Structures are given as C-alpha cells and as structure tokens.
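Two complexes come next, and they have one chain in common, chain A, joined by chain B in the first and chain C in the second.
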Partner chain A sequence: MKKLKNILYLIGLYFKVNLASAMEYRSSFLMQAFGMALSNATFVFYWWIAFSQIGGRIGGYDFKDVMFIWALTSSAFGASNILFANMFRITTIIVTGELDTFLLQPKDVLISLLCSRTALSTWGDLLYGFVLMALTHGNDGMVWLMFLLGIVIGGLLMTAISVTAHTFTFYFGDASLIGDIALEFIINFCIYPEGIYRGFVRAMMLSVIPASFIVHIPLKLARSFQPGLLLILLAFAALYCFIAYKFFYHGLKKYESGNLIITRM
Partner chain B sequence: MKFLRKYSTIIRISLQNAFVYRSNVLGGLLFYIVFIFVFFNLWRAIYQSGKVAGYTLSQMVWYLCMTELIAFGCKSNVFRQMNEDVKSGSIAYQLNRPYHYIIYQFSYTFGGIIFNLLIYGALAIVLGLIMVGPIPGFQLSLLPFGIFSAVLGILLNFFFLMALGLTAFRLEDNTAFFLIYQKLVFMLGMFIPLEFLPGWIQRIARWLPFSYVTWAPARLIVAFSWDLFRQVVPMQLLWLAVSVLFASGMYNYGVRGLQAHGG
Partner chain C sequence: MSVIEVRSLNKLYRARVKEEGLGASFRALIKPVYKEVHAVKNISFTVDKGEILAFIGPNGAGKSTTIKMLTGILHPTSGEISVLGFDPVKQRKQLSYHIGTVFGQKSQLWFHLPPVDSFALLGAIYDIDKKTLKKREEELIECFELGDLIKTPVRKLSLGQRIRCEVAASLLHSPDILFLDEPTIGLDVVVKQKIRELILRMNRDQGTTIFLTSHDTGDVEQLCRRAIVIDHGEIILDQPVKKLKYDYLNRKIIAVRFNLEQHLDVPKGVVVEKSGKMGARLSVDTRVCSIDEAMRWIISQGGVADITVEDPPMEEIISTIFTGKNTAE
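Take a look at the complex of A and B:
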C-alpha cells in the first residue's frame, strides 16, 4: 500500500514538472491541443453521416453510445499520454541505452521512465472527450461517473498494453514494430460498436486485445449498472497492469548497459 | 536526357530504401489489414438494412479498399520533410546542389509511392476478393481510366502537401493547415463516398480539391461511367495545375526571403 502511495506521489510530481515545462510554450501547447481536438471532431461528422444514412442502431449502438465510446477512448488516450508519454519511446530508450539514466534513480524505474515526458497535443484528446460528453450526454450522473472511471481504467490499460508490447525489446532486441502498432490496433477496436464483430474477435476483445474493458464494459455499466460487472472490470484492469509491470521487470533483468553518458536537463 | 537520368536515379534510390526498411512495410500492411477488416465489419452491420446511397456492400468494401490504397500509397513525409528542411535551415544546403529542390522531393517521394502502390495494391485485391468477392460489373478494360484518375489524385495530394509544408518559410507553426487539409480529405471521400453526404455538401465538395484525391478514383474503379469520368478528370487536372502552381509559388516566394547564416 505504501509502495502504491509512493508511486502515485511520484506520478503527481512528474505531472507538475511536465505541466510547468509545457506552459513555457503556451502558444505551441494550445495550437497542438486544438489541432488534436479538431482532428477528433471530424469523426463525429463521419458517424453523423453513417447514422443519418440508416437511422436507428449500428451493431447495437445508437449515436449517443458511439459518442460515449469515442469520448472515452479519446480522454483515456489523452490522460495516459499526459502522464506516461514515454510509453511510446520505451524501445528507443532501451535500444539507445538511455535506460541507464533511469536505473540510477532511487525511484521505481518503470514509473520514472513512463512519467518523464508528456505529450502536449494529447491535452486536446483529453478535453475533447469531456466536450463530446457534455454535448451528447448532458448531466446524466451515472454516465459521467462511468466515463470518469473509464478514463482511469482505460488510461492504465492503454499504458499497460504499450509497456507490454515494448518490453519484448528486452527479449527480441527491437520490438519497435509491435510497440508502435499495438495500442493503435486496440484503439481501432475501441472506437466502433462492439456488436459489429463476431465470435473470435469478440473473444479477443475480452482478453488479449482488451478493448471491451477499455470502453465497451464502461458503456454497459453506464446504460445499466451491475456491481458484479464493475468488480470484474476492476479486477481485470488490476491484473492486466500487474502482469505488464512484472513482465517489464522480468525483461529488465536481461538488459545490458552500453555505458552511454547522458545529461538530463 | 541527363535531366531524366538524374531524377530517375533518385527514384531508384528511394525504391531501394523502401525495400530496406522492411519492418515499416510490415507495420503498414498490418495496419491496412486491420483498417479494412474493421470497416468491413462496420459496413456489414450497416448494410443489414440493404443498399445505402447507391452502393452495394461489395462496392462499398471495394471502395474503401481503393481509398485506403490511395491513402497508404500517397503516404509520404513530404509535409514534415519540408517543415524540417525549412525550420532547421538544411534547405540552404540543398539549394546549391545540382538539382531542383521541388523536383528532387517529388522524385524521392515518387519512388516510395510506386513501392507502396505495388505492395498495398496486391494486398487490397486479395482482401477485397476474400471479403466480398469480385467487384460487381467490373470490366478490366476500364481499369486504366480508374488508375489514371488515381495517379492524378496522388499527384494533387502530393503538391498540396508540399505547398502547405513550404508555408514554413513564412509561418512559425503550420501544423494546423496540415491537420485541416488532412481531415477534409478524410471527410470528403476517404471514409465515406461523396454520395452519402447531404446534397448541399456534395455540391460544394465537387468544386473543392479534397474529394478528387480519393473519392473520384475509387468511384471510377468500383462503378465506372463515362459521364463521371468526363466530370471528374478535368477537375482533377485543373486542381493538379493549381497545386503545382501553388507549390512552386510558395517555393519561389520562400526562397526569396531565405537568409542563410552559415554554420
């Protein structure tokens, strides 16, 4: 419990430092965040056209449901990137030997590694989700609660997926391909109604590709709350993150330093 | 002759580079498969109610295979490269080399595009056949006209991206232009055919260049008609001319104001 508290404290400190650094470049920060939000907004247009063509539901989802999964995917992705932006650079950091710097630090290596960078543009992703929710779901308390919970769970799961994919670098030498595409693959399964997929793909979405746990189960809970389903969601997310964490440290034992000298400013 | 040999060498080098970076190719192919698979599932669910806006499911899947093929085929770093060259100042070193900067960039990108179109084209055909079978009413003899339109779409996309990249000469941050352009291409044809849009948007879109990048060629390939060909190809040629003029205008304007400080 104390370790978890320390980790949260460390994440908070990194967040403050990264935010202060981002604020030094306000115009660039605002431009990138706005650009990302605008980019996401085009998909609302796409879905509006799709639903206006057929009316009713697509894969069991209506327009508001689709907006929920879009908002949640966007905000969870934004939150994970604001806090853990280095998750996309783990392979580069391992391969170039930059990892040495993190090994020398007195805090948790994985957390320091993940938190030491933030992505400015993803503030746009985070805020876009909130705006979309406000426009499509108004002040429905349960939906907002599941949305906020979903951001935390989805953000952690996305980070865990990226960490797991990049950790293969310790074993294979360079897993940048898997690392680069793993999360984007999963996001592709998050932003479309679950009902459009069948059999095997649905099973994958509940296990290896945990898209169902990132957005579709929170949506089910928002529609009709079931405590048992919530417990399953929390347990799965905790287990997935725990396995990713342990997998990283298991791989780390195989790391060999290249004695690279780096200065972190 | 010397001119052609010089730039064909650049195309060859670019092709060789594309073969060397195999993991990038593999990643792109996997993405392409996932995109098509997801869209196939989505449109299959939508088409449970029958035919939508004049397209059958089979035509719709082939349409998406074609638009994504053009999107992946067009994929180049030209915008980012222009930006970097201008902002880092490395363009100053390229200006006194024995080639024209714009033609050099075009030749280099063209090699990558040839490679992409071959690889993704083969994959598009395989995926389309597996998912929905052959295109209904497809005539092989008309395919060259669709390909011609696709080449025009790719070229006009390239020159617009180049022109937008060259705005870096005068603007500190031009990313917003790129994002807006990219999204307009997405919305006006790449993910959904123009025929699905409300009438007033269609009428405006037909006068703008964005639909002519993916919609026009994909529509010609999946449901060719001479009427459509006569409508869209002149518009593509017109916009291609505009984009080339725009890019060379931006280049000349930018180079005139360029200040090199050595180093």
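Take a look at the complex of A and C:
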C-alpha cells in the first residue's frame, strides 16, 4: 500500500513538472490539442455515414455503443500519454543510455522514466472522449462511471503493452518496431465492435493484446452491471500490469548503458 | 577511512560483429557473430573520505563503465564493490541518497523549465523536506553564484551556466561522494576554471569526496591530489598527481604566429615540433625550461602576432606512460 502511495505521489510530481513545461509553449499546446481532437472528430462522421447506410447494428453494436468505445479508446490513449508519454520512447531511452539518469535516483526506475515526459497533443485525445460521451450519452450515471473506470484501466493496459514490447530491447536490441506494432494493434482492435472479431483474434484480444478489457468489457458493464465481470476486469488489469513491471525489471539486469548526449525535454 | 573499495572488478560485454556490406548484414541476421569486449579488467583500488581522485584515460578506456558500476547503473561481471558500505548492485536505491552524479553529456534538468523547478522535483525525489530544501538551495545559489540563473529556463542558459546548475542539482541532497564524469567537456577556459574552483570549494567546505573522470589534463592538475590512469580497461598508473606531473605532465605545447618571417634558435628544453615561415608549434619541457622563460624567449624574437599555450592531449600522455612502463619492463 505504501509503495502504491509512493508511486502515485511520484506520478503527481512529474505531472506537475510536465504540465509546467508544456505551459512554456501555450499556443503550441492549444493548437496540438485542438488539432488532435479535430482529427478524431472526422471518424464520428465516418461511423455516422456507415450506420445511416447499413442501419441497425454492426457487429452487435449500435451507433452509441461505437461512440462509447471510440470515446474510451481516445480518452484512455490520451490519459496514458499525458501521464506516461515516454512509453513510446522506452527503446530510445534504453539504447541512448538516458536510463542512467533514472537509475541514479532513489525512486522507481520504470515509473520515473514513464512519467518524465508528457505529450501535448494527447490532451486533445483525452478531451475528445469526454465531448463525444457528453454528446452521445448525456448524463447516464453508470455509463459515465464505466467510462471513467475504463480510462484508468485502459490507460494502464496501453502503457503496460508498450512497456512489455519495448522491454524486448534489453534482449534483442531495438524493439521500437514491436512497440509501435503492439500499440497499433491494440488501438485498431479497440475501435471496432467486438462482434466482428472471431477465433484466434478474439483470443488475442482477451490475453496478449487485451483490447476487450480496455473497451468491450467496460461497455458490457455500462449496458448491464455485473460485479463478477468487474472483478475479472480489475484482476486482469492488475495482473497484466504486474507482469509488464516484472518483465521490465528482469530486462533491466541486462542494461548496458550508452553515452549519447541527452537533454530532458 | 576508505569510502570506495573496489576489488578485482571486471566487466565483459557481448558485442555483435558484422563484416562490411549488405550480404554480411543478411548473414548476421541468420547467424549473428558475437565477440566479448573486456571493458574493465580486474581493477582494484580504494578512495579515502574527502579525497579528490582523478580517474583518467583516453576514450574507450573504461572510465565511464567503472563509474557506472560504482553508482549501480551497470552490474559487474565479477569482482566486489563497496561504496560508503553499500553494494551498488543490491543497494542501488539506498546508495543513491548518499551520492551525487554529474555526467557532462546527460542533463538532469528540464530543458524548458528554470532550474528552480527541477530542483523542487529533485528535492521531492530525494525526500528532502521543504524547509531543508529551501536552505540548501540558498547555500548552493550562493556557492555556485547562480543568482538569476535559477529562474531562467535551461534552454536559455549557456553551457557553462548549465553545468554550474547541474553540479548544484547533484548536490541538493548533500551527497558524501560526488561522481563527476567529464564535467568540463566542451567548456571554454574561463568557465572550466570557474567550475574547478567551485568543485575545490565544495570539497574544502563540505568534505565531499570527489571521483572525477576527465579527458582534460588541466582538471587533473588543478583539482586532484591522486590520479588513477586507466587504459584498455586496466589500471596502468595509480600515484599522486604531484609525481604524475613531474613524470608525465611536464610538457606544454606553445603555438606561436609571427608578423614577420623568423628563424628560430630555440633554447634548451624547447623543441620545434612543426614550423612554417610565419609560425611554429613548440614543445616545452617544463623541467628544463619554465613556461615563463619560454614566453620571454618567444617575445624577445619580436613580431609576435598570436600565441597559445596548451596541455598535450591525454592520448599522448597515456602513450608516454606506456612507453615509460614498457621501457622500465
């Protein structure tokens, strides 16, 4: 419990510094955030056309359901990038020796490295999800509750996937491509109705690339709340993050450092 | 009392080797070939409390690898390390509260923020309470003459100003040992001198032990009382700087440019390394001819347009040490 409290404290500290750093470029911050939200909004139009042409349901989802998974994917991605933007740069941090800075400090190496950067544009992704929810789901309390829970769980799972993929750098060298592919997979699986996936892909979405736990199960819970399913969701997310964390520390023993010139942005 | 004890320390890397060309790249993909690189070979030494030790050597000698093993960044392949009684491999976090580090090439300050914001974050990372942090900040601002720099975004600071802030940041938690890896790299002469003065002051006032790696013979001469020279992962010399100075740092290079054509009849202890019609590069053996005497002689030639005095490069000194060692053997 004390460790969790320390981790949350550290995340809060870095968040404040990152936000202050982002505020140094206020107009860039606003433009990037607005641009990202605008780019996401075009997809709503695409789905609106699809549903008005086909009508009824696609893969078992109606228009509002699709908007829920879109909003959740966008906000979870935004939240993970606001807090843990270095999840995309883990390979670079390992290869260039930037990891040294975190190893020299008395706090958790993985949490420190993940939190020490924020992505400005992803504020747009986070806010976009909220706007989309407000437009399509109004003030339905249970739906909002599951949406908020989904942001936390989804954000953590996306980060854990990225950490796991990039950790292979300790073993093989450059794993940035694996990291990029893993995140692309997860996002692509998240933004389509669950019913269109079958067999092996469905199994992947419930295990290695856990898209179902990020959006589809929270939607199920929002439609009809089941305490057992909620417990499974929480237990899976905790286990997945724990494995990613342990895998990183196992890889860290193989760290060889580097001597490139590093600046902290 | 020893604060650093190193016994029979070794570090081996496995590096992939590949022949030139695309074909070799494909072959390496299917059947990679590895070679072992012995970065640090069986080194042993101790450092006493309050000592300023120079750990010097050319590029790739094993300096940074050693410093990274002492600070817990890298795990040794074999051997024992004790830093302030801690094992850096098993007690990295506990050790980090007692050591400070400055890597010339790596910044711990946020580029877009003023150092004062990074100091606040570092204070929290090192669990320093707000009152102690404030007091410590004030001490360091005074000692390092940071003044307004502390509130200026790091991106707007000069390299010298940034390094002063980096050193101050590394001292926030009052470490017992400060590891400085190439702290003066890329700095001009005046700023180098300033940084050296500050390091000396900190050692004198606070008794901080300094472990310094440098490429710059000036750092060694002016800061350290003892030097360990490492090359190809092995310690080739461990002796007081005074002796090192007499034996190996006894040469200065003077580059002089004249307005008129000169015929140089050099005094004893001065050798012409290279000469042209209007200038020359001279090597001065300071045991035979002092810099003062050499400069007087140059000025007496008349028509001096420009003059610079430099230390010989570290690689040359290492080579001299090797030659001397081999001859003695």
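Observations on the model:
What we mean here is this: the second predicted complex is superposed on the first by the 257 of 265 C-alpha atoms of A that agree within 3 Å, B and C clash if a C-alpha of one lies under 4 Å from a C-alpha of the other, contacts with A are read in each partner's own complex, and residues count from 1 in each chain.
The working rule: a contact is a pair of C-beta atoms (placed from the backbone, for glycine too) under 8 Å apart; a residue touches a chain by one contact, two chains touch by 3 or more.
Values in this document were obtained by computation on a predicted structure and should not be read as measured data.
Legend: residue contacts after superposition of the two complexes on their common chain; A:S224 is shown touching neither chain B nor chain C. When the shared chain is aligned, chain B comes close enough to touch A:Q32, but chain C does not.
Contacts of A:V17 after superposition: chain C is touched, whereas chain B is not reached.
Of the two partner chains placed by the overlay, only chain C lies in contact with A:T101; chain B stays clear of it.
Of the two partner chains, neither chain B nor chain C is touched by A:N139.
Touching of chain A by both chain B and chain C, each in its own complex, is seen for no residue at all. Taken together, the chain A residues at the contact with chain C in this complex read 9-10, 13-14, 17, 20-21, 24-25, 97-98, 100-101, 103-107, 112, 253, 255-257, 259-265. By the touch criterion stated above, chain B contacts chain A in their complex at residues 23, 26-27, 30-31, 34-35, 38, 41-42, 44-46, 49, 52-53, 173, 175-176, 179-180, 182-183, 186-187, 191-192, 196-197. Contact residues on chain C toward chain A in their complex (touch as defined above): 13, 64, 68, 71-75, 92-94, 96-97, 99, 101, 103, 105-113, 117-118, 120-121, 124-127, 153.
If you check the complex, the residues on chain A that touch chain B are 27-28, 31-32, 34-35, 38-39, 42, 45-46, 49-50, 53-54, 56, 58-59, 176-177, 180-181, 184-185, 188-189, 192-193, 195-198, 201.
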